[in-house]
């Protein structure tokens, strides 16, 4: 088939660059427009974008002239890596104009009629799209992907939720520098240090999973009922968020059952063989000292999450580690997988 | 008064060096002997000891000839920084020979008749010493200090335990490189990484607090009853363990009560004005992003612990951060404070 | 004597903070005014200044209200830590109004009538002050301190220049993060990396030494004649610039003569016992692996430079390492020492 | 053609792992034997080898039983990643027994009858092999690759040597942690630090280029005549040695000529299209701040070297930066390219 032309909003930032990198060799999509702030518009991408992620900027895109974030882009699908301050109204403008917006920004994540989507977790929430279009009178629509630290946690929780229910979750994160964007964390703040605070992060991590694990009932999501407590820390790693998780399950389960639930988990993207879907969404490792950010963040091309050290917890029921690539699965890659699901399910026709 | 001559066993290692540094300017103690393994014995300290901690080796000690770890040292009080493999029998030998041994090794920590001591927490456990001497027929005795990650946790738990009781504790640690000694963690393992496993650490952190918070009943410690779950991680910081803690209290308490209990906490070392006792054992900070290892590890000369971000926990009752200097309060400094208490209470007479 | 009231211009930045820290306990000076940009003015220092250097902000200054950088400060001596963009005209305004300005900014360093001063190196250049005042019609004057990487290099070159003359210098630097100020270098740029470029740095390092080693002849400095080649690199260290230097001397000299010249070097600040003067401006170490930034940057309270690995060079004559604390001797401490010399020599009367 | 069976001596160390990784997908070679010390022998590779380089151990090799380093391996070509202490006699034993040994160890590099080889630089030095065999009475032979910091330097010097001759070279290195092997540099030594000393490194860097750029005359290499001064430093980067180089040329040349010589350089491996040969052995970048270890070390699959910041030098003639991947081109990759040249030129027939 011909490739589907797509645009990237906020293409010069760090997540924008990941979109560009992952879309450059994508089998279904083709970049037709790179859009950014007024300041960058009308100049070549290679000139206005200070490339900061590993690998080189795709050479074919260096000469593409950056456009403003206005709904006149030559495509129907746009990915949004806009900063939250700007994302809200711009994404709405695009959706109103008929664009399909796959957003990584937080602005609309908790809107009742906007799907907050992880394709392996809650593909049925796309049922909200009809509601969204009708209520808002839009020709297009917005789909959002969760915060980076949320995505990997919920991927690991989903099979436990399905099998055993979950009553409570305690999570302490050790998050990578790239999660703060570029320039992000000053080196003087983090060399030989840990910063035990990331503005807004704990709130997102305690709230977004409730919507993701919730049920589409009629025209709304009924949020899941479980208690989540998050403590978020920035550590001097480049990529890959590590999370120390404990869970209290809804029913008794053996360690073997827990591991088996995690290990055998597959979702719709695996079934549909979506191009960005990892063969195994969750890889369970049995070594005593894994997962580690540097060694495991690229699992499944950065789209898999790695679980390790599953063991009994003297306070809740089980504890384990979850690692995911925060700017691939946790950001651009996640939003691309969302778009692949939209395509596969005919939402772009 | 004349200074009390002391010896350091295992003086060439990293904790040994901290002992040497802290004792070099000590108002009560004076280093009379540095002892180490056979391999280092009979050579000058300055030659066999590769100094790896901040600051220079005290110049006056560079020429002191290192001795073997045999009970013929010219002092009655010895500090043990021996590796656990060696500490067990050597410490016993010294105690049998009449030495007072203040040990930082784990070998005897859980012996029923050996005090595991934090002077602010359980000074009355020194009552075990009479039992120890009687049972073992020793003229001297052994007192131990807890594992580094335990000490700071229990210091922060103690006022809560006293005021509200504690039912459960969940703790995720981010521990500094110096905790692994020297050479310790290879740089290739930890640059741009977190290692989510420290052998034996979680076991110590789940067990030692029960003894520390326990009650001396007759000739034994009745361990405290509370559930502790620990997840331990090594991060690329030099000094200062950071711990993300959640607690379930025995009774309802407001945030203000919790903070007030922490902030107003004082112990016997403060009352006795022991030289190494920090004015405030616990410093509570109210900034959103503190404590941080690099900024807060030297609080109270490394003898204070810093608590921050006290807030409600959706799963247990309260959560907060605890930071302590792992090789000062958590190791050498802790054992020196123990010895100061012994002196103040007449155990060296 | 009563302390001399002083002001700090640009007090909220990283170098400004070093001024505040070093002046807080100064025996001669007392902070009477903290000045900064319009944005910070009229608010308490503790509120507008994000303290980023080791140690806490001096508590007594947290409440001092920040003033604008206008020549109405209640003092006669001001230290300038202003950014180069702002320093030029503001410093002139102060000097015109009668203030003595000890500046760390680069704006006036190469002005023919402004002393570029290292007290151990060229105290006689203060002879320019009379020229400066006369020509400019100022009641006050400006004295500048060199760029951080220059100061430590020239301190090490000075005794060689005096004893042997120097024909050529090759220097490759490994400079600390704090040299870029705060927020400065993004952590994503420098973790697991070296950045081989610091804008403007090589030019300063190739030019400023010529003035510093030059001769005051009549009303001008005749620059020294020697060739300098600099290659500057940013490395992930917090403080302390390390420089790999090779020199071609004007006459033959043995290694012993070179070392002896370095080791025995003393200057006017040592003779006058200025409060910030290190006992030995240059410490020569003989270990194979010193100086190291982390171990040696605090030599002489950060005011000494450490030279090591002096050895023959197959291309030029000798090569060695020089380490200095870039924000102490190389910035605030250097400018304070300059002011101490001014006081000692009666320039403030 | 059928793949050529090869063995790896010292397969469990860091360089050994790079050999395994690079050979796992090699188009000409196939691993037939992994050999290591007595201690590892007779156990599966996956069990005795703690994999420390990026990427996973090739799964097909995890089960291969490690053999001792004795000349009974089922192959004729062996790669040696043995530590220098062991390499000398073992490599001789293999060569005597008829094996072709492509070694990365330093033991035989300076033997007069052993080629020290970089295929782009001195392929004609293979003429020594006949001498070697004859003199030593061996059926096989030994070819060596240079020290990591040498290889990249000499690759960059070669076109300048050929075009302009070189009179003198000054080089200051900033070398990666992986150059010290595993466990190598303790994290406490290098966090927030630079170590300005690498045992033996400066000697190698000042000596090996003379042989590499030398001429095969009759039965010996006449070393090149040029002065080299090296200053070597360890910095906290994982992979990629950065070198700040200045050169004095044998004749005047414009910057354009110098850049053109570097940029247009090709060697025999490019002509022969050897599988590991990068298309361009030297990539010249014009950005002000490149090359950087993290961004440029993987150029040409780690087999290319990157030169940047070519500019005039006030002391010698030109200065520039050279970056290379120390464990790929500078170690295993270099030795594999050597073997490819041997195959292409019929030395294995």
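A, B, C and D are the chain letters, set down in written order, and residue numbers restart from 1 in every chain.
Everything that follows uses one rule, which is that contacts are C-beta pairs under 8 Å (C-beta built on N, C-alpha and C of every residue); 3 or more make two chains touch, one makes a residue touch a chain.
Remember, predicted model here, so these are calculated numbers, not experimental data.
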Determine the set of chains touching chain B that also touch chain D.
A, C
Between A-C and A-D, flag the pair that has more C-beta pairs in contact.
A-C
Mind checking the centre-to-centre distance between chain C and chain D? Centres are C-alpha means, answer in whole Å.
42
As a quick test, compute the distance in whole Å between the mean CA positions of chain A and chain C.
48
As a quick test, compute the distance in whole Å between the mean CA positions of chain A and chain D.
42
Which residue numbers or ranges of chain C touch two or more of the other chains?
191-192, 236, 238, 294
Complex interface listing, chain B residues touching chain D
52, 177-178, 182-192, 236, 238
Given the complex with chain D, which residues does chain A contribute to the contact?
54, 191-192, 294
Under the touch definition given earlier, write down the residues of chain B that touch chain A in their complex.
168-170, 172, 174, 191-197, 199, 206, 227-229, 231, 233, 235-238, 242, 244, 246, 248, 288-295, 308-309, 313-316, 319, 321
